[in-house]
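One structure follows; several queries about it will come next.
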Amino acid sequence: MKQRLERDVIGMRAAKELQPGDCVNLGFGLPTLCALYVPEGVRFQTEAGLLGYGRLVMADEVEKADWHYIDASGRFCTPGLGMAIFDVVTSFIMIRSGRLISVMGGFQVSEKGDLANWNTGGDALGGTIGGAMDLAVGSRRVIITMDHNTKDGGYRIVKKCTYPLTARECVDLIVTDLAVIEVTPKGLVLKEVAPGWTAEEVQELTEPKLVIAPDLKEIEL
Amino acid sequence: MKQRLERDVIGMRAAKELQPGDCVNLGFGLPTLCALYVPEGVRFQTEAGLLGYGRLVMADEVEKADWHYIDASGRFCTPGLGMAIFDVVTSFIMIRSGRLISVMGGFQVSEKGDLANWNTGGDALGGTIGGAMDLAVGSRRVIITMDHNTKDGGYRIVKKCTYPLTARECVDLIVTDLAVIEVTPKGLVLKEVAPGWTAEEVQELTEPKLVIAPDLKEIEL
Amino acid sequence: MLNKIFDSFDAAVADIPDGAVIAVECWGYPATAHNLIAALKRKGTKDLTVITHTFIPQVFSEDLATLPSVLLPQMKKLISPIVGIMRLGAGGFLREYVEKGMEVEVMGHGTLAARLYAGAAGLGGIYDPVGVGTIVEEGREKRVINGKEYIFQEPLKPDYAFLSGHKADKLGNLVYRGNYRSDQPMMAMAAKTAIVEVEKIVEVGDIDPEHVVTPGVFIDRIVEIPPDGLGTPEKGAAIIQQLTQLESVRDMLFGKIE
Amino acid sequence: MLNKIFDSFDAAVADIPDGAVIAVECWGYPATAHNLIAALKRKGTKDLTVITHTFIPQVFSEDLATLPSVLLPQMKKLISPIVGIMRLGAGGFLREYVEKGMEVEVMGHGTLAARLYAGAAGLGGIYDPVGVGTIVEEGREKRVINGKEYIFQEPLKPDYAFLSGHKADKLGNLVYRGNYRSDQPMMAMAAKTAIVEVEKIVEVGDIDPEHVVTPGVFIDRIVEIPPDGLGTPEKGAAIIQQLTQLESVRDMLFGKIE
């Protein structure tokens, strides 16, 4: 079987979407990998009220953890230079008014850009919404990083989401371990494929029909 | 003709309604007289974002005026001990959530406690609303200080306001140069009269029927 | 001067009746009014509605710090955008209470913030764009405004806010620290009665007017956390040690990138 | 790093098109982005909608400081809770413009604040209790919620906010001073583009994260007021002197109690 991209390569590719000056909210899990690869001048936001926090406290320096500073994934972080502290009302104005870029994980993305990423169960107890719905609706750009397929090979890029939605028609770009796909009014446009993969092979692992970009290329990092 | 109360006596009487710990917004004109007579521990708010500002800058010390500090009537004031500075959103939450007492001037008050105090003209250009509508609707207690009658002897305490309303059924207490009148579900209750005046005389100068308080007394200061 | 300072957490919550609606911040483990929650648990007040940012299981010792979930047996309703921790089974720990009749209302965190603002500002309701097409719109009025769908959301007006602050002066002027600010300023403003536990009570004038975050008029009761109180820096350090022992959350809390 | 610093006020307003909606604070005379207003006047942009707290005549020299009312000939609409000064004849000075077609929308100041919040938070509208039974409800939808009447108010989303700040760092993190804060933080957040004139631009890190009032992400353009700019402390002192000469306003501005 062909090689899929490693998780940190997905993060590296998503990080390429970020420019100096961008303010970014990183979701739990895979998206946090972006932080390792972003250019200088990208600043991170946590919806609990920090913009521009500094480096994370690692597991071997637990004694440095100050629980006044927690990132968007609930991890201990440090104050950054030029950081601002604000309340949640201000924070969600920031999020809802299109001032941030959001990099989130996903369970499913539909061909229209619907996102399901908060709940794998049948009711409200099956997951946690947190800031995800606001980020999906409000961000200037929503980038989803996820595995292209479920563990048993099922589709994650689907015609219609079967998991509870986070928001409708909100996703701009999907970065997976196989491809980079843009959500456009004409449908899902396959822009890049993982090294060694063809558009046809990616299409087979994707439920909706993909539009192949005229300049389709291998993922560049 | 009998003596009506001086303007500063009206202010003095209204000030008696205020207790240490109260936070108070004083309207333009007559209400500002209260400030001279309130007990220690009353704090003043301006809707532009100060609570607990200090003494005013007087006309003979113009050089001390710092236009970063302006009271609710637009006058230069000084920072007070324990002052807080906040934005207008916070300010109107303070006002609308019943945390403040409001002392305002009035053109007319109706028997139901409707207030007209912002406009003497026929359209929106005839006056300025400012914070008055919010204060009237939201304050814990609305105290109106005004002359009992118009300059030509007409009613100001009326069955129905003829001037554009500030808010409906919002006034709690009216302090005039003739009387102290409480607005109650049973109607306007005459609680106190100016020295030398009888309830009947005050009634004659008041359009709606007054309920005479069983403990009617002379205004005490 | 009105005395807002209470000697004990029990005294500060003594009048809270059954059925009260309590807003209390919880950003995982910090930013929580641990001592007030513990006092309300001791008091045993019933039929509570709890509004909180994060409602997760108490994964560390209750004598170090307490989370809103210790009130579960006393609750009739939970309003929260974060119900559980995904890797601990999300909101599964609530199921037994839900089956016994506890109501759970979920929504986006920004919607919670907007509803608290609406409560604080006396609004009758707001039309919110977040949650359209999701579980959040179930049972709610929707309306199209200028071609876009919105959900009608009612204001939230808690009876009490339990706050965790850094410093307060005797008038109640309050500053937080770092993430502790979070939902707390709006919770304080939306609540009828706001009670704060602080690391330190300072003199009037000790907080620069420009730096006040919650003006004193919004704060009704203040309790200084004693050295043996919950959630002190020392107990915080002990909690962090406990958390690092927990395989399930350790990776989540420290900067390991998965 | 994105460069937000502009060399001139003219450059900072150069792209503002005819028909733009501008939010600009004016708390009588201070808290106003005098230099940006003057630049927009020079540019001559037409059909402006101006959202401001106070819209009063320019009663002092325009070369000391400028109020939003200098834009009157360029305006098609005014949205403001304070239209004029009562003792100068309230909004009478606007009548000639209204007769030529300028629209004036009045409301309570708290309603303005709530509508700016609604715009900033992306709401479709709010139900507001203030203005019921008054001129404000004319032409607006009303609704009874839980037995109480409310007015539907639309969000305000200015194209530009003109701000007057104390200090900004190069990221745009901003602090005000005293009353200058006022409506400005919410105007900044509600606007698509926020432009601030400040007394001083400082280095990143010079403003304590706890003391930032408007986080930098909301600020798009920064101009430092030069020594010969409008509204400097020196010109402020000159204005105060001018005002004390004006019988009509002197009593109002200084602590004389009438």
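For this structure, a couple of remarks:
The chains carry the letters A, B, C and D, assigned in the order they are written, with residues numbered from 1 in each.
Heads up, the rule we're going with is that a residue touches a chain if its C-beta (ideal position, glycine included) is under 8 Å from a C-beta of that chain, and two chains touch if they have at least 3 such contacts.
What you are looking at is a predicted structure, and each value in this text was computed from that prediction instead of being measured.
Among the remaining chains, those touching chain A as well as chain D are C. We define each chain's centre as the mean of its Cα atoms; on that basis chain B and chain D are separated by 28 Å.
For the pair chain B and chain C, the distance between mean C-alpha positions equals 37 Å. The set of chain D residues that touch two or more partner chains comprises 110, 114, 117, 121-122, 129-130, 177, 210. Residues of chain A found to touch two or more other chains are 50, 79, 85-86, 89, 92, 96, 137-138.
Taken as a contact graph, the chains fit none of the simple arrangements: neither line, ring, star nor complete graph.
Interface note: chains touch in the pairs A-C, A-D, B-C, B-D, C-D. Touching chain A in their complex are the following residues of chain C: 27-31, 53, 81-86, 90-92, 94-95, 98, 104, 106-111, 113-114, 116-117, 129-136, 177-186, 213, 236-237, 240-241, 244, 250-258.
For chain C in complex with chain D, the residues that touch the partner chain are 110, 114, 117-118, 121-130, 143, 145-146, 148, 150, 175, 177, 210-211. Within the complex formed with chain C, the chain B residues making contact are 20-21, 23, 41, 43, 45, 50-52, 79, 81-86, 89-90, 92-94, 96-97, 99-100, 137-138. Put simply, chain B touches chain D in their complex at residues 7-8, 11, 28-30, 32-33, 35-36, 46-50, 55-59, 62-63, 65-70, 73-76, 79, 85-89, 91-92, 95-96, 114, 119, 121, 124-134, 137-138, 164-168.
Those residues of chain C that touch chain B in the complex are listed here as 1-2, 117, 120-122, 169, 171, 173, 189-190, 204-205, 209-210, 212, 215-218.
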